[in-house]
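Next come two complexes, and both contain chain A; in the first it sits with chain B, in the second with chain C.
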Partner chain A sequence: MAGTRTDRDLQALRLVGTFLRVGVQNELQYRTNVLFSLLQSGVAVGTSLAVLALVFSHTDSLGGWSGDELLVVMGVHVLMGGVIRSVIQPNMQQLMDDVRQGTLDFVLTKPADGQLLVSARRFEVWQVVDVLVGAALVVVAVVRLDRPVGPLAVAGFLVALLLGVVVIYSFWLLLTVLAFWIVRVDALVELFDGMYQAGRWPVSVYPGWLRFGFTFLVPLAFAITVPAEALTGRASGWLLLGAAAFTAALFAVTRFAWRVGLRHYSGASA
Partner chain B sequence: MTAAPQTRERRRLRGLPGFYAVVMRTAVQSQFQYRTANYLYMLGMIAEPVVYLVVWSAVADAQGGAVEGITAGEFAAYYIVWTLVRNMNVVFTPYGWEQRIRQGELSGQLLLPVHPLHYDLAYFAGWKFVVILLWIPIAAVLTLVFSPVFDVTALELLVFVLAIWGAYLIRSLLLEALGMITFWTTRVSALYQLWFTAELLLSGRLLPLALLPGWAQTVAAWSPFPSTFGFPIEALVGNLSTGQLWAGIGVQLIWIGVGTLLATGVFRLGVRRYGAVGN
Partner chain C sequence: MDAASRSDQPAIRVRDLRKTFRVAERDAGLAASIRGLVRRTHRDVEAVAGVSFDVASGEVVGFLGANGAGKTTMLKMLSGLLFPTSGEVSVLGHTPSRREREFLRRITLVMGNRNQLQWDIPALDSFEMNRAVYRIPDAEFRRTRDELVELLEIGDLVRKPVRNLSLGERMKAEIAASLLHRPQVLFLDEPTIGLDVTAQKRIRGFLAEYNRRTGASILLTSHYMADVQALCSRVVVIDAGAVLYDGGLRALTTRFSPHQTITVQLPEGVTDLSGYGEVVESSPDGRTSLRVPTAEASAVAARLLADHRVSGLTIEDPPIEDVIERVFAGRPSAPVPS
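Right after this comes the complex of A and B.
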């Protein structure tokens, strides 16, 4: 019996690996889609750059950020958008469908952690293009910054980025778990998509009440602004520590909401 | 004599105006049933102009109060009127044509003695009345929060009311024509995306057209996009002269003509290639 904790963790990792492989194989059937992803990515990044150029043709700094520093923010925005569209959103939409149609039964009867299973079932590999394009934007921006970026800043950036992914994942799952109570949550997804566009700019640009909203209600600050702040030397160790605490708290709340939501789930043809 | 009102009712509903009256009334009634969904959708739309407004207000602050002569209060007025014009811009989407053609839904519409365009135009026009009603409280809240500067004359208001319907017609006709490309190929999403990107940058949706570089303003002036977005807003909140106001309406009329020719022309060519599929 695989009873010990490490055994179970190993098994979970293997499971995620398998899901990833199956997801990639599934998507590799549709190879022309990579062209569409590239074009989509190109148009989106082109638009972002045009917007940035337009704004900075009228000013030298926005809320204390220079053009190249804002390029870092946009890079993180594109990168995080790629993570959302490749892993988080497909899985959460599948979960909503399953709750609505009662097919979540098939997941819950499997001998592994339910939350892990619903979070790793789908992987849209072509959307990873956005992750690469976003990373490239960040690199270009860092090269253009006329000051050296130390290894400590890079390490802080990577940690903040990882925390950001967990925050966005937890937030999405929290929204999706609402599906256990209100069956139609599609409109909320639309709303999130609209809000996510606001993350293109650092939250410090927004007036107080909006900044609060984009920090704690829709945590764009932790997902996008904090990593960019870490890389541009704006983030102190305390800020990163705070981000870690917020991430842990949000993850715990989400885990709790998932458990409570499951109890509300009544299964197929109920 | 008792039958007279009934006859009059029947006569009123005959012909194309009668068709429009019925479809628009149906749209108002059915969309009022989905007022919550309509409202959530409209609320989701607010994030976009609020972001633009905040960014340009920040730029205006950094530049000592105004960008190209536009103050924060004027930006607020621009983007609040924006929310109404954006809603007038919601028309039958080109993706809808893809579904109509691929799934054979068009077959039923072809049997009617009215051009399919009329149904779309009438239905969405009716829907607009619901949208305008729902928009009023949103505009009131935005006005309280962002304190816009309005200076509106009666003529500007009149031209604005005409111009938002002109914008609705132009965008409807052009997107119908674009959507009908699905008669020839179903892989059109890339084309749509390029169109929507050009529209975003050149229409006045992203930013007031005066903030574009000179060459881009020239490109925009020759495109239909400002007529559908920037012009109606500028008519109300800008300082256009009487001549400029009527000239803008004239340009809209030209684009309505072009759009009508395109939409009916593409339909006539395309429908020959249409083979019904489905059950």
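Right after this comes the complex of A and C.
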């Protein structure tokens, strides 16, 4: 049984690999897109830095974070934004379109996991620019920090980052699954996009009720603040463990919602 | 169970299949819309109401019915997309709604009005994605792909982004993509819709050849009778969710149009032949068309030949389009005064 399980996972990986390759091949045709991505990145980073400079011209710390520490948060925010725009958003957009146009039928008649298929079909490689720019910001911030960052902190950061990607993906799919019931969920997605902007600041700067909301309702805390905390030595092992538990729970809920959504789509629950 | 006895089973077996949809109902107008927000009234609509039929392995069956007759709902239940309300469906021994991978690997679904190929990329790349999804071994994939590309004559087209293809070209590429895994049962929902006559013909020819080569079963819906005539030895006509007719195309004509047209050419010119049957058409050069009950056609023809000097006589079935139109309209043909 264990053998077939590994076999399945391997097959899934190969599937994702093929999809990724095809996606990259095709995006490479649109060379002008790289210019737009660079421009978009530049504007986003420029505004962020300007706001940061403005804030720190008045104060030395914000919610207990120094300027360079906040630069880490900002870097993670840009990086995660790149992940969202390159993989998560295009796939979820396509899923919404498929539900609306009835082309989801083609996905559901394929002998592969439906959730995997709808999550790996699109890959906008030029948006990866943001991932690189975000990573560069993080590196710059770490160099400027007044204390050394140990390998353990880096490892914790990478783990937290990975968990953050899974959290954002799960959350976004959860929103998109609503499309099975209410066909137009674009507005919800726009709303999320707006709220994502709030993630450029650590959640601790927000008042209590908002902090709770950004942690558990729209999980920006786990996606952005926790990785930054891990890198700046604020996260304990317990926090990371908690983040892992939250990620696993959210993923499980999303998986369940996906199945319920499919049953609804095929009229099994009606 | 060995392969030989398996092949004796029908590829598709449907028994007393039903599907009821619950639809929200409201009257037109703003006031009714607002009322609908508060309290919704629902109505149950029976889209498929007790359908039974079998499709043998290798058989090509045409599924006919007016819009909204329940054809697409049937195809969706057969391909596992819709859960039946009640009844029994078995395709290649599987229950479709369980969507087992073993089942999905052996069927395919083609919908003429929807694309599965990705719009911005060449069809070849979409083929590659299907290879990964169906886990087709490399050598087999290349062989099947090249065979399909050759049969459909789309060699130059599969390298262009799909958005640059014409509707007919795109449909051919769609069909190729759907057959890469060599499915044993094909569900084709209006595969030639909107295509020009040449493209329709090409696809028709391809499907016939595919069926001949692979022995796959095909269940096809189409509005074009030419598709059905060219491909299907048998048709299942459904109306209001129930089977109205199941049998040969030829027998459908006799059953639903119990009349034939006798056309006689009389050298003596216009003659009153209304004593033989209903005169449909009479031209000044002495050609007269008569509509007579099929059972009496040969007797009437013999009488005509005995009574008149006849230079030409033909007996014809009405065009299949007319028959189908009559079936869908639900009206029996007008009785002929005798």
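One rule holds for everything that comes next: the second predicted complex is superposed on the first by the 262 of 270 C-alpha atoms of A that agree within 3 Å, B and C clash if a C-alpha of one lies under 4 Å from a C-alpha of the other, contacts with A are read in each partner's own complex, and residues count from 1 in each chain.
In the analysis below, a contact is a pair of C-beta atoms (placed from the backbone, for glycine too) under 8 Å apart; a residue touches a chain by one contact, two chains touch by 3 or more.
Quantities reported herein were computed from a predicted structural model and do not represent experimental measurements.
S.K.: With the two complexes superposed on chain A, say which partner A:W172 touches: chain B (first), chain C (second), both, or neither.
M.R.: In the superposition, A:W172 contacts neither chain B nor chain C.
S.K.: Using the superposition on chain A described above, determine whether A:T18 touches chain B (first), chain C (second), both, or neither.
M.R.: Once the two structures are laid over each other on A, A:T18 reaches chain C alone.
S.K.: I'd like to know which partner A:L54 touches here: chain B for first, chain C for second, both or neither.
M.R.: Only chain B is touched by A:L54; chain C is not.
S.K.: Quick one: classify A:T103 as touching chain B (first), chain C (second), both or neither.
M.R.: Only chain C is touched by A:T103; chain B is not.
S.K.: Mind pulling up the chain A residues that touch chain C in the complex?
M.R.: Touch list, chain A to chain C: 11, 14-15, 18-19, 22, 25-26, 101-103, 105-106, 108-112, 117, 121, 263, 266-268, 270.
S.K.: Of all residues in chain B, which touch chain A in the complex?
M.R.: 37, 40-41, 43-48, 50-51, 54-56, 58-59, 62-63, 67-68, 189-190, 193-194, 197, 200-201, 206-207, 211-213
S.K.: Could you pull out which chain C residues touch chain A in their complex?
M.R.: Residue list for chain C touching chain A: 19, 21-22, 76, 79-83, 97, 99, 101-105, 107-109, 111, 114-116, 118, 120-121, 125, 128-129, 131-135.
S.K.: Could you pull out which chain A residues touch chain B in their complex?
M.R.: Checking each residue of chain A against chain B gives 36, 39-40, 43, 46-47, 50-51, 54-55, 57-63, 187, 190-191, 193-195, 197-198, 200-201, 205-207, 210.
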